[in-house]
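Note that subunit A is present in both complexes that follow, paired respectively with subunit B and with subunit C.
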Partner chain A sequence: MKIGIRKMRKAFTLVELTVVMMVGMMIGSMLIAIFNQQLAFLRIYQLQSFVTEEAPMISLYINRLIGKADRFRLHDSISDALSNTDPRITASPVCVLNFRLPDGSMRASILAFEDGVLNYYVVPESGVLGPSEWSITQRAADVQFYMEQGILRTQLTGPQGEQLIYSGATQ
Partner chain B sequence: MIEAVLAMGLLTIIGLILLKLSLNILMPRQWTVQQTITNAYMSYERALAERIPFENLVASNSPWPAFPTTNSENVELGRLPGGRLITGTVTRTRMPYENNFPIDGGSGTIDTNPAAMKVWKVQSVATYTIGGRNYAKSRTVLRSQ
Partner chain C sequence: MMKTRYQPSLKRGAVSMLMVISMGILALIISLYTYRQAIATHELTSSIQLSSDYREKEDAILRSMIAILPNRAILAMQDQSAASYSNWRPLLWRSIFDDSINLANARDSISEDLKSVLGLDNLISANTGDSNLANFDAVFRPILNDTIYSDYSNWRISAGINRDLDGNFPPPLQVNDGWTNSLDYYFPIITNRKLYGSLADGDVGLDVVEYPEFNLLEYPQINFGYAEPGEDFVAKRNWWAFSMDLARSDDMVTGAARFQREFVVSIYEIPSQLAISASSYMSLGQFGNGEDWNSNVTISGGVFAGKAVVEGNTSLSALATRSSLTLSSGASIGGQSFTESPFTPGLREQYHITEGDFFPVSMASEGGRVAFIPINRGNDYYDRFAHSVERNTLSRSTWNDYSVGALQCAMQLDITECVSSTDSTPTELRFSYYKNGVRESIEIPLLTSGVAGLPAGYLFAANEDQTYNFGGSVVDLAFGANGDFGYASGATGQVTFNVARFGDPAPGYAKTGYFRPSYPFEIRTLNTGKICIVVYPQRFEDFLDAINADGTHINNSLVVNVDYSTSTGSVNLDKPNIPCTDFDYGLILEESSDMTLFPNGFSLVTNLRLYFGDDFNTVATTPPAGYTPPGDFYPPVSIFAPEKRYGVEIDPYAVDVSGQIGSLASEDGDAIRPLDSTSASGDAYGSDRITINLDKISHPAELPPITMMNWLITVEEVRNEFDD
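Up next is the complex of A and B:
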């Protein structure tokens, strides 16, 4: 009988068990809170990634291309650009850049936003356009080229509604 | 019980350290976002200052009037992630090179400036407010004729 009472005293009381469970739950909740905090920051990083990582590279490519070009034209489609029909100065998804070569001849390239991708094409001398040379970005929601006071402006809209407008003058 | 308190204390400290580390990364990224967007706008000021014909630049209705006169304009600089618009004010002015002739704002003479060069520093300053903080950014282009 004495042995049985001793054994019962070694066990947890109901209050002790309750306290232990509450402490355990608190520790679990804190772990979940820390995990959620990290997830929240990762979401914020993800939201900012277009402007912080993608946009500077796009800016670098576009500004160098436009800065080296001798003239440009805006069109609504690549077919219009290739046939040199309906040039425009309003917002357009296609921009033709012309470069003068050392021998005095001209070569053309095309920046075109099509199906969510900003592509760069070099127009061959045959005039038949092959696959794009580069995909400058696949993350932009919209890219429009337009002209303002003689300046070629590139309006870049990101997946989160962020908007940047690059401007550049040709040579 | 002591172990449980130690565990909670340790978790609290770990949580605070992680929060601080995350903020340390987040703050420069937010700064980068602002810089990227406003730098993009300032490329317009630079391009326009480089492209505008010289006679328009020094005309009486120039977008860059001669200092101390300035020309201010409210502009849209861009949009932050989430579509929040950043607006600001662009103040434009131009300053003469000291060797310009007096008629062009300088103190040069035919001896110091025999080619009658006209040189102007064309400056645009964009000011904007984000999160209660005021920022200013400038671009200066040298034009001569």
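Up next is the complex of A and C:
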């Protein structure tokens, strides 16, 4: 009497199954990891867009304005700036820029960080400030102007706490 | 037995394929997005960098133009500047802009020389802003609706002359001659013919009819403090306007779009008006003997020097220099003591905040887009014969006439002949003056009288007790004998030569009367043997009247020189030495206390050693209409001489000087001490014998006929955003 041993052709051994599942899980994990990495990179990129996109434009505008000015003055508030009260050189949210005009007169504009917005004002001859001419940025968490060795520095704090410092001098 | 068999609907690996492809596409999309963002950021950075680059280049061009402009304006006044294309082409505004671009290196981001130094000869620049700026008309343009000409020789700027522009621009000057009016658009023309007229009425500080040449203007808001920003100062402002957009020439390539910025470039003509003003190397605060300036020295207002060293515990209101400045630890400027250099970064800004807008120490070289050019011709300023005639100039004012005081004088007195090359006793003078606006000249032979003790030029008139009728002629008289004479000057009509009129200068002798034309000058030999010309300013009014010349309001300045030229002078005469020697002629100023006879003031220029033989300008007069500054008003006078001494034959005990002091010395060599004073014998006065009271000129009525000139060059942007 022969007892035949039938081969198990239609199934996997436990080892095989384990290996396959592990490989599958590894592949899946890798795919998820890659996907997450891409998403994380995108998230990081978006978070850093203030530095890469907004900050250069702010730098351009601020440096253009400061570079054209003949004098500057720093104040704690716009009202101080308009009344020329308590000028200072320490970190301040308001910077008054004075411009010399060909007719001999001196005019002023104001860069002011107020309520999360960096605004630009042109001071009219009447001295009564109207609405801002334009908002340079609404994404900065903080903007401070200060003077160091005669150089006007602008410290820009981004929404993620990133800090950029621009340096410029008047004419 | 039923068999079941798995029949896959997809090929083996299809799901894996799908997953891989899906993930691949997703990754690709994300990568593309990231790449796109990176490119956008790069382009933004590039655009901002380009914009910054253009701004820096424009600023460099403006600074270069400040440096180039005064030189070209001077060349336009010099001999043959209009003679040929090659002469006047470099003086065109177009050439000035071209050369400014070159000087600023604004065509390339890195020069060939710098490349070579850095070992980058094969560098290929990716800077799209690098350009030869071939489209010049797009970059630089006149403003408003002024016509744009492309042709090199016809390119025009907008001149601030003979037209009233809007309130953004300075008050214009006016000129009557069409030549200047036309050329001012092509060249930087500086000329005395440009004046303030009705178009500037109300826009300058004083009446333009009374003060057309120099008026009261507001000092510009610049860091160079010749005056305080916003303060009135005496000046004339020449200006021109243009627009600039450096990006416009290549905007099709770069895609950069910027604003056409409008600028006004100005040359202020500023007569020297500070208490002490000189483009020299000056030592301030101590006399030559080492004594400090003490309480006898009062200086109101600022001081300007080419270079300055401030010694001792000197206190000055303000100090402006052209190139360098050294302060002692005890010096105080504007009430400030400086423990470190006043130009330490941040010091000025700190001062602006804590003390005020006017920082009392400044250097032109630190002033940003500003240049200050003192017009200093040095020793040539004193000498008419050191210059040849300039012709065919673009400007109607030639450079020498504009900048040399000796050439600006209405009256000219020259020694034209002497006895011999070994005997310098003058034998002939030449006096030139204006008569009905035309220059006339008379030769004055200095005949020896042949009478012992009688000065040269006297002729016999009459014997004692006889009468001689001189008619309308003004004459000097002498009466006496045996070497002793009595004198009288300024006589006319009938004169009786007797003891009753002259006294008895020679008792016991028969006396004789002599005369000579009454000139306001004569030759005198000092006890030391030095030969001098004596000038009597108070006698000029009568003398000019006697020869029917224009009055002292026209003939209001005198130059005294030695004509050593071979064409009109004498080979026996030598050019006077500077520093003066005892062998050169001297000039004595006497009868000069009352200068009110010169209603517009008086100026004296000479290249001889000057001796003050008398008080000078000590009589006050009525100020002109509209003159409001407080205090007595004295006729405005100026004296230009290479050396001054107080006294003639004897040394006065002390000297007292008021007004302004300047110097024509250079910035090189030893420092001059502007308050040092020397007696006739050549000894320096001690500080206890010198009283100095200096103040600035604050009104054009205080300007004497001849002044030293300075140019202040500025560039300002027209900012339309401030049009309320």
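Note that the second predicted complex is superposed on the first by the 133 of 171 C-alpha atoms of A that agree within 3 Å, B and C clash if a C-alpha of one lies under 4 Å from a C-alpha of the other, contacts with A are read in each partner's own complex, and residues count from 1 in each chain.
Just so it is clear, contacts are C-beta pairs under 8 Å (C-beta built on N, C-alpha and C of every residue); 3 or more make two chains touch, one makes a residue touch a chain.
Source: prediction; values computed, not measured.
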{"item": "Partner chain(s) touched by A:P56 [first = subunit B, second = subunit C, both, neither]", "value": "both"}
{"item": "Touching partner for A:D70 - first (subunit B), second (subunit C), both, neither", "value": "second"}
{"item": "Subunit B versus subunit C as contact partner of A:G150, first or second or both or neither", "value": "both"}
{"item": "Partner chain(s) touched by A:I34 [first = subunit B, second = subunit C, both, neither]", "value": "both"}
{"item": "First, second, both or neither for A:M106, with subunit B first and subunit C second", "value": "second"}
{"item": "Partner chain(s) touched by A:I165 [first = subunit B, second = subunit C, both, neither]", "value": "first"}
{"item": "Touched partner set for A:M26, first subunit B, second subunit C, both or neither", "value": "first"}
{"item": "Touching partner for A:R43 - first (subunit B), second (subunit C), both, neither", "value": "neither"}
{"item": "Contact residues common to both interfaces of subunit A (with subunit B and with subunit C)", "value": "31, 34, 38, 41, 45, 52, 56, 59, 63, 148-151"}
{"item": "Residues on subunit B engaged by subunit A in the complex (per definition of touch)", "value": "1, 4, 7-8, 11-12, 14-15, 18-19, 22, 25-26, 29-30, 32-33, 36-37, 39-41, 43-44, 46-48, 50-52, 78-83"}
{"item": "Complex interface listing, subunit C residues touching subunit A", "value": "19, 23, 26-27, 30-31, 33-34, 37, 40-41, 44-45, 48, 51-52, 55, 59, 167-170, 217-218, 220-222, 229-230, 239, 241, 264, 266, 345-350, 352-353, 357, 368-369, 716-719, 721-722, 724"}
{"item": "Touching residues (chain side subunit A, partner subunit C) in the complex", "value": "31, 34-35, 38-39, 41-42, 45, 49, 52-53, 56-57, 59-60, 63-64, 67-68, 70-74, 87-89, 98-104, 106-107, 109, 122, 124-126, 133, 147-151, 170-171"}
{"item": "Partner subunit B, residues of subunit A touching it in the complex", "value": "19-20, 23-24, 26-27, 30-31, 33-34, 37-38, 41, 44-45, 47-48, 50-52, 55-56, 59, 63, 148-151, 153, 156, 158, 160-169"}
